[in-house]
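Let me give you the structure first, and then I'll get to my questions.
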Amino acid sequence: MQKIKVGVLGATGSVGQRFIQLLENHPFFTVSHLAASEKSAGQTYGQVMKSRWKISSDIPAYAKDIVITLPKPSETDGVKLVFSGLDSSIAGEVESEYAQAGVIVISNSKNHRMDANVPILSAEVNAEHLDVLSAQNTKGKIITNSNCTIMGVTISLKPLFDQFGLESVMLFSMQAISGAGYPGVPSMDILGNVVPYISGEEEKAEIEPQKCLGRVVDGKIVSADFKISAHCNRVPVFDGHTVCVSAKFKKKPNREEILKAWKEFSGEPQKLQLPFAPEQTILYREEADRPQPRLDLDTGKGMTTVVGRLREDSLLDWKWVVLSHNTIRGAAGAALLNAELMYKKGLIS
Amino acid sequence: MQKIKVGVLGATGSVGQRFIQLLENHPFFTVSHLAASEKSAGQTYGQVMKSRWKISSDIPAYAKDIVITLPKPSETDGVKLVFSGLDSSIAGEVESEYAQAGVIVISNSKNHRMDANVPILSAEVNAEHLDVLSAQNTKGKIITNSNCTIMGVTISLKPLFDQFGLESVMLFSMQAISGAGYPGVPSMDILGNVVPYISGEEEKAEIEPQKCLGRVVDGKIVSADFKISAHCNRVPVFDGHTVCVSAKFKKKPNREEILKAWKEFSGEPQKLQLPFAPEQTILYREEADRPQPRLDLDTGKGMTTVVGRLREDSLLDWKWVVLSHNTIRGAAGAALLNAELMYKKGLIS
Amino acid sequence: MQKIKVGVLGATGSVGQRFIQLLENHPFFTVSHLAASEKSAGQTYGQVMKSRWKISSDIPAYAKDIVITLPKPSETDGVKLVFSGLDSSIAGEVESEYAQAGVIVISNSKNHRMDANVPILSAEVNAEHLDVLSAQNTKGKIITNSNCTIMGVTISLKPLFDQFGLESVMLFSMQAISGAGYPGVPSMDILGNVVPYISGEEEKAEIEPQKCLGRVVDGKIVSADFKISAHCNRVPVFDGHTVCVSAKFKKKPNREEILKAWKEFSGEPQKLQLPFAPEQTILYREEADRPQPRLDLDTGKGMTTVVGRLREDSLLDWKWVVLSHNTIRGAAGAALLNAELMYKKGLIS
Amino acid sequence: MQKIKVGVLGATGSVGQRFIQLLENHPFFTVSHLAASEKSAGQTYGQVMKSRWKISSDIPAYAKDIVITLPKPSETDGVKLVFSGLDSSIAGEVESEYAQAGVIVISNSKNHRMDANVPILSAEVNAEHLDVLSAQNTKGKIITNSNCTIMGVTISLKPLFDQFGLESVMLFSMQAISGAGYPGVPSMDILGNVVPYISGEEEKAEIEPQKCLGRVVDGKIVSADFKISAHCNRVPVFDGHTVCVSAKFKKKPNREEILKAWKEFSGEPQKLQLPFAPEQTILYREEADRPQPRLDLDTGKGMTTVVGRLREDSLLDWKWVVLSHNTIRGAAGAALLNAELMYKKGLIS
């Protein structure tokens, strides 16, 4: 079987590095195109990243000798798909150019998420949203992830939403510094501190889940119609976003129904046995003080959403805590799973 | 003017140390009685604390030569009032013994907070709750603080509650490690981590504010009747509890009304010019990313409640962020202010 | 091939947990005996550890149903070897009892390290020290690790010591909190702080390397005769001890000679292809700012000693920085490698 | 008495902010000139700093309405002295321009430190170095601080150097993040980590102390002739550089002689009762685990050098630990003390 040639846009950034790590020895994909800004273009990835690689394992050997180019479709060596970790200041335009040039764009940026006909794809949650791609009027297609903070939240909501209906959700996040990229958060701002604000984050957290949980009606995604209020905070944690959730349902479930719904939840990735699919999409921990980033972050190689502390809520119906790995399940790992899903469904050719 | 002789129970613990620091050169009170467990009793405070003093200033000279006793009323040298920072495992009984012996007990422990006729006193919020003390059937009286987490929250709610009425409140706390005392939280549990659980904390946060904001009816405190849901979390911050609040009012105020209510809020401590009264009880910061423990903790010497990020809430009415100093405004400083209030009102004699 | 039955003493502690993790699916050893204090004895490991397991992966399935006993040889089910992570307050006596009962004790405690005829074994450094075991007058034998701080230092010194001779060494450590076990260092002492003192650590760091680098003469270990001065510090790092080293040699090598000596260094573990042997015992990193715990800790699954910043020293000859994983290479992993070495050499039967 | 008009160059940076804080209500000086880069010039300090002020107290009222200018002597409103916290990329040239224009420059930058006739002034240590200023061939004069890391070290060495002579010193620093300014160290590099490298730091640490402890001979500063070797490290501490020191003396003192030398050490600042002079220049703490940034940083309002852990060194003679506040005693506070010294000596007119 011949592997599909793929590229990584924004290859030198935090998300780009994670893509390059996770794509090592991938069974479906082989990386032949790495794009970054003018500062890096023309040099090999190994040269550029010598002092900028921030993941605690070495730069994969396959990537070291690839010469970085500018993010232009004309520079690709015939890749069929690109993973984009571009900064949102340029991602919108560049991703559109690749799509127009016939390349599938699996994007981690916010720019196209709310575009009509662009799914916010979460492989276990809404694989059927791929049906709207045909309505994109470009040869290539753009598929996005949700924001890293609400990725795990939406997964924890999905089986409950399906079975019991959702009326409203209150979210409080404690987000890791890696979510801001590198150099990102200055240490003087966060060491021994919390910052109760992340620019643009609450806005995204209050609209993306409804689209992600929406239905496809007449070839279009119709957002679900529950309300969300979000408080987003930065905390001195390296990786792992922890979110406290309170929710009100259309029909209040009991405790056993919720735990059963989470335990049994799986989707296309598990059915198709995708390489990056976690065995257990949602793991509920019974201990009183879990999940915690320190102890639960790597569950399912960072692809499992870990949930705990389910208890009744005196205002809404139930409350719980969700942890997900923000640079794996919340970014590069989710994007890779989306690409695997498209590959197995024959959408990449 | 002769100063009132006072004591500190639990003098070697975290809250006890803070009492001893704040009572240095106090204009109304002079410390003559320090009580702790058998391990320390019989030794001077200076000897015992040499390697246990955890505040970044030296042990006040006045305290060094006081010989620690067991926490027994018979050991006091005629003190009229004690500040109690006792552990809750023994605070209930010991505080009752002091009250029976005729001593006023200003307690920071949870044990008697929900007792009928024991006020959860917050000097600007509910000074009139002192009226119920006469119904305590002991010669001494017991007065408590609220839990450190909801102290600032309750202050931020008070003027809004009075003017607009409260229906429901959602709280999400990010609490400092000093709230757990010493040795308290093991570093392996919290360095680079968050723990979404603090034993017993949510229970307290869901009932104490209603009592604190209650009215005195026929000589009894009647709790206010709004609902609270709380998510309590431990974060790697040394001092300072940050709380995200969402609230629904009986009559929804506009932004200006809320800011005006906070700005103008003051109470008996300001009227009586109590030594520990902050000039501004509530300070609203306009910056998008405030309050933060690092930058705002010491406002008003740790006695001001700092509020920020007021914005509309898509589920309830309004949301905001509250920061208060958990070992000053949330514990020893609040207790001291309560004692000053009682002194000025002639309740200590 | 039948696996050797082994036990873990102090199974509930930090080092004990690491032993249990690393022994999962070990090709030579199978765990059948777990010992801990009275608090835990009589319960299964799974029950006891539910809320005490502090490693970011689940308790291995094999260990969950083992019933914990007191650390008594009579309680073992015929194990031939025990790994001891006992607290030093009891390790001395208990380990001696096991040795008298005919069990080989691979100890991580300090108690017997300086005993005559007890090697401080570091498998690549001094495998020949096993020759002195026959002089122990018990049926079982006791073998120790060095202190976690100097493990990596001694490895970085070994090839230089052999080729150029050592006159004196100055060490400055920055040690991780996990080195103090659990609950260990209170967070109030170390969050955003450094503590320039670790009880007993400098004493160990100033005598153990000389024994570890000693020769066997007439069946006895004779310590090497260079001098060490150590400054030991605790820093807010979870895992990984970083040590700055300055050294004076009998014959000053040049830069290339040192780098070559490190690169080519290997020992019995590599020759015998022991399961826990790192491919590269010492890895030198060229980057100006390495090694760092964040980026280099997991090199060689935590068994490689990572060295960097080699430069001339204006007082002594050369200086450099050493990082090693304190709970793997510095404790449980080193002990396991020692046991593997003994197994392959036919010393366990 | 009329106050001297002064300015702050680099007023928006970390050191600049500290100058502005410390100069509030200063008895000798009044600030009328604030200079920064083009980004800020033309706006008031209050406008520019609204979201950039990083000290945990508000911007002093006096500074808020001052309009920032470019750092040009022509822009000053007749100031006689400027405090410079300029970045070293421009400090050299700009400071020279001010000096040529007749302004005294109290610099915190490294650029002119090693110039002949420019003292590295540490007011208690080498006040007599002011004698060389007349040899500077400009109307204004340039005076520098030492690097923040060695400020406290040099103070701890001074009385020992005078009484016992120094042969060699080994330094090992654990430096706070604030030493790198803002945004400075990215949080992803230092949270839960140590970085054993700070660009250019060891070079400065190995030559500045000798100049600082030098003598004035024939109107020139002659550096002292002992050797230093330095290992410099960044640790996750906000403020406060901790340095482990080992030293060899020409004539080895005993413990009592060292403690006495430190206790009795004082200099011109104490004699002249300068406003910023700490009562005790060096404080020795007897506790086994001190000094620590958390507990000792604010000693003498950040102007006292705190020393501890004096013990014999097996290679050199004695070793100890030094803590000093890097942005106060190591930067702005030291500079202010230098300016006060010059004022009292009649060197500003």
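We just call them A, B, C and D in the order they show up, numbering each chain from 1.
As a working rule, contacts are C-beta pairs under 8 Å (C-beta built on N, C-alpha and C of every residue); 3 or more make two chains touch, one makes a residue touch a chain.
Just so it is clear, the structure is predicted and the values come from calculations on it, not from any experiment.
Taking A-D and B-D together, the chain pair joined by more C-beta contacts is A-D. Comparing the centres of all chains, each the average of its CA atoms, the largest separation from chain C belongs to B. Averaged C-alpha coordinates put the centre of chain B at 40 Å from the centre of chain D. Averaged Cα coordinates give chain A a centre that lies 42 Å from the centre of chain B. Computed from the mean C-alpha positions, the centre of chain A lies at a distance of 47 Å from the centre of chain D. Among the residues of chain A, those touching two or more other chains are numbered 54, 189, 191-192, 236, 238, 288-289, 294.
On chain B, the positions that touch chain A within their shared complex are 168, 170, 172, 174, 189, 192-197, 199, 206, 227-229, 231, 233, 235-238, 242, 244, 246, 288-294, 308-309, 313-316, 319, 321.
Put simply, chain A touches chain D in their complex at residues 54, 177-178, 182-192, 236, 238.
Chain B makes touch with chain D in their complex at residues 50-51, 54-57, 191-192, 238, 287-289, 294-298.
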